[in-house]
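What follows is a pair of complexes built around subunit A, which joins subunit B in one and subunit C in the other.
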Partner chain A sequence: MNLGEGVQAVSLVILSAMTIAAAMGVVLIPNIVYSAFLLGGVFISISGLYLLLNADFVAAAQILIYVGAVNVLILFAIMLVNKQEDYQAVKLSLVRKITTALVCIGLFCLLALTVTSTPWLLTPNIAAVPSTLVIIGKHLFTDYLLPFELASVLLLVALVGAIILARREFVPDPVATEFPAAEESLSLLERPREQLVGSSSSEN
Partner chain B sequence: MYTGIDLQQALIDVLMGFGLTQGVAKVLWMPLPMLLVFLVASVLALVCTWLERKVSAAAQQRIGPEYMGPFGVLVPLADVGKLIIKQDIIPAKADPILFTLGPVIVFISVFLCYLVIPFGQNLLISDVGTGIFLVIAISSIAPIGLLMSGYSSNNKYALLGGLRAAAQSISYEIPLALAALAIVLMSNGLSTVSIVNQQADYGILSWNVWRQPIGFVIFLISALAECERLPFDLPEAEEELVAGYQTEYTGVKFMLFYGSSYANLLLAGLLVAVLYLGGWELPFPIDRISDWFGISKNTPWWQIITASLGITMTLLKAYLFIFTAILLRWTVPRVRIDQLLDLGWKFLLPIGLVNLLLTAAFKIALPNYFGG
Partner chain C sequence: MPLEAFLIVAAALFCIGIYGLITSRNAVRVLMSIELMLNAVNINLLAFSNYLDSSNLRGQVFAIFVISIAAAEAAVGLAIVLSIYRSRDTVDMEQFNLLRW
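And now, the complex of A and B:
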């Protein structure tokens, strides 16, 4: 075993341990802010695993999207709410926890069985490429073109939805009907706030 | 074949002369470039703080630091000494783990970006294939550290500062990445070295500023916002938020924040130099000169001259940006938070997209000039 292989083996062990420990922390720690920060740790460890698999672009994208955007937004939401509130004790919490643990362990055993029993097609020698970018680009524009375009359409729809939610002036006022309860469940609960007198109204 | 000076091979040979095996010699070599770049980046960031004092003094018609060494150049050292011997206070109601981890994350994420910053053709730690994308990705970790320190300080000003920092850096990351993407489109690769080499042909005329004027402006504005410099220093706006997320910090932890903010400014300057101002290239192509005089490019003394000229040029360009940023800080008032977000989302983002489209169109229409 030469130097490179030794470093790879050690980093694989460390990264796997970090991923598992941080993921357990996300689930088990009662403080939601700690969970959110540990989620960032999980994402970073996983990007390290990608790096070990020679997927440098995927590793960087993982950090940019999951740590830089998703995790920051989760933290942002938690901190904007920032409500120090202890969870109320749930009835039969021990039974519930044991049931959940059993279901999770069962799922894990099932997955482990699938992983070990599947005859994976392993390519023994993968040619080292200087950059995976070119290959990813070629795949995206040939055999993965349809999923790529579908994903972009999905993102566009999500973007439009987010803008509509953010610009609440487009939400119609609730119309008085005979069934106000049913109507209310379908409409948005939040209404546009009236502009305060004196705040700038010329910015749009 | 002799290809000029190879420091790595030379050091390994010397160490093997002492009876070490090649593997051990390589392991001993590996931390050296990292340590060197770390030290150089720290020293250059310290120079930034000195420059800030001097330029601000000049902008206000003062003299500025004068008695500590010639022109007060030892002020940064005094700063560091003071901050190191200060008592390290963790507020009683703060969260000690997150409070300590926040500045560390910010510091590491800034200094990790120096991994791919080139000071010359081979003068960088590693020419990673993902290059500039890696810088953008790693620098997006910093907001987590800011949020962490803002939250754990248990102080409303700190929390507001942390939230503002995160919102600002998420908003301005997108125009920054779009501007960099247009450059990447022209140079057919994400690697920082290939981006500089693509601007090398005709000296100053082939620099990306001329081909990407819109992208240049977008990048400058977004880089200022990412560094939290005035006019975009909302996260630590003194009049509103005391000092934002840094409010509760003292001693070494404050030094980590302070150092990483200046290292980040330097990083932005270096990125501007690499992406738009031709990196280590001189305003005239230096290879032509060596051809005129008939000097081989691999002559050791010529290599030393070009390398030192390259480092000087990179730093000059970077400090040009830093000088502009400092001048802006002392002349321009701060924007409001809604103006800041409006500028990012409603102006820079559409302009960045248009710039990207234009670049793609020009690349197809005029492949000779836009790196087809």
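And now, the complex of A and C:
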């Protein structure tokens, strides 16, 4: 094993440990703000794994899109809905968690067994491409052109749908004759919406 | 061994994502678990693209598509969570039973 392979192996171990540890933190830490920041750590470690897989453009896109857009969006959503509430106890919650953990561990064992027991038809040596960006661009504009355009339409539809779902409905307020009170002018006007009555209390 | 190492990391990430998806009560954390699972799939795609198809890089193109779909999914999902929070005043998954019965 020469120096390059040693560096690769050490980086793989460190990045994998960071990824798994931060992902466990995302799922298990009770404070959701901490888990959102740990999610950013997961994304950055995964982009390091992409660099080990010779995928430089996808690593950059991962950092730009996931850390720059998705993680910030999740943080904004946490700030908007951050309400300290004590969840009502659910029947058999401990049993549920233990069952889920057993199922997940079993699934992981199954996947690991499949991965290690399958003889993969590996190419003998990895071809050194001059630039991954050129090859990806050729793919995107020749044989994957239709999915590329469909993805752009889907992004537009998702944009419009997200705006329609999340916007506030402003009440056209009557013209104020005098200056409103300070706290009234600072408050966001929103049409009062009746709270939907949950059916969980009456049934079950 | 490196291909198996990447695949096992991806499998572990996917299982952690499933655990968080099922057990968490906060709706935002459910969306974060879905992101973890999508990232596990992306690691798989890139590992196979590197070790089995290294001159064509089709897996990287698929990974780019998955990333763009995941961004759209996160935006719409968080908008739905905001909308439900406005009407129900909670983000508890156990109380989101509007369509159940």
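Just so it is clear, the second predicted complex is superposed on the first by the 150 of 204 C-alpha atoms of A that agree within 3 Å, B and C clash if a C-alpha of one lies under 4 Å from a C-alpha of the other, contacts with A are read in each partner's own complex, and residues count from 1 in each chain.
Everything that follows uses one rule, which is that contacts are C-beta pairs under 8 Å (C-beta built on N, C-alpha and C of every residue); 3 or more make two chains touch, one makes a residue touch a chain.
Predicted, not measured: the structure shown is a model, and the values here were computed from it.
Superposition of the two structures on subunit A shows subunit C fitting alongside subunit B with no clash.
With both structures placed on the common chain, the touch criterion links A:I46 to subunit C but leaves subunit B unconnected. With both structures placed on the common chain, the touch criterion links A:R96 to subunit C but leaves subunit B unconnected.
When the shared chain is aligned, subunit B comes close enough to touch A:G68, but subunit C does not. Using the contact criterion defined above for the overlaid structures, shared-chain residue A:L80 touches subunit B and also reaches subunit C. Touch criterion met: A:T132 reaches subunit B and subunit C at once. Comparing subunit C and subunit B on the residues of subunit A they touch gives the larger count to C. Of the two partner chains placed by superposition, only subunit C is touched by A:S16; subunit B is not. By the touch criterion stated above, A:F57 is placed in contact with subunit B and with subunit C alike. For the pair subunit B and subunit C, the model built by superposing on chain A gives 14 Å as the shortest CA-CA distance. Subunit A residues in contact with subunit B (one complex) as well as with subunit C (other complex) are 57, 61, 69, 73, 76, 80, 132, 203. Against subunit A, in their complex, subunit B makes its touches with residues 23, 26-27, 98, 128-130, 133-134, 136-138, 140-141, 143-144, 147-148, 150-151, 159, 162-163, 166-167, 170, 173, 189-191, 338-339, 342.
Those residues of subunit A lying in contact with subunit C across their complex are 8, 12, 16, 19-20, 23-24, 26-27, 32, 35-36, 39, 42-43, 46, 49-50, 53-55, 57-58, 61-62, 65-66, 69-70, 73-74, 76-78, 80-81, 83, 85, 87-88, 90, 96-97, 100-101, 103-105, 107-108, 111-112, 115-116, 120-123, 126-127, 129, 132, 135-136, 139-140, 144, 147, 151, 154-155, 158-159, 161-163, 165-166, 193, 195-196, 198-200, 203.
Contact residues on subunit A toward subunit B in their complex (touch as defined above): 2-3, 33, 37, 40, 44, 56-57, 60-61, 63-64, 67-69, 71-73, 75-76, 79-80, 82, 130-133, 203.
Of all residues in subunit C, those touching subunit A in their complex are 2-9, 11-20, 22-26, 28-29, 31-33, 35-36, 39, 42-43, 46-47, 49-58, 60-61, 63-65, 67-76, 78-83, 85-92, 94-95, 97-98, 101.
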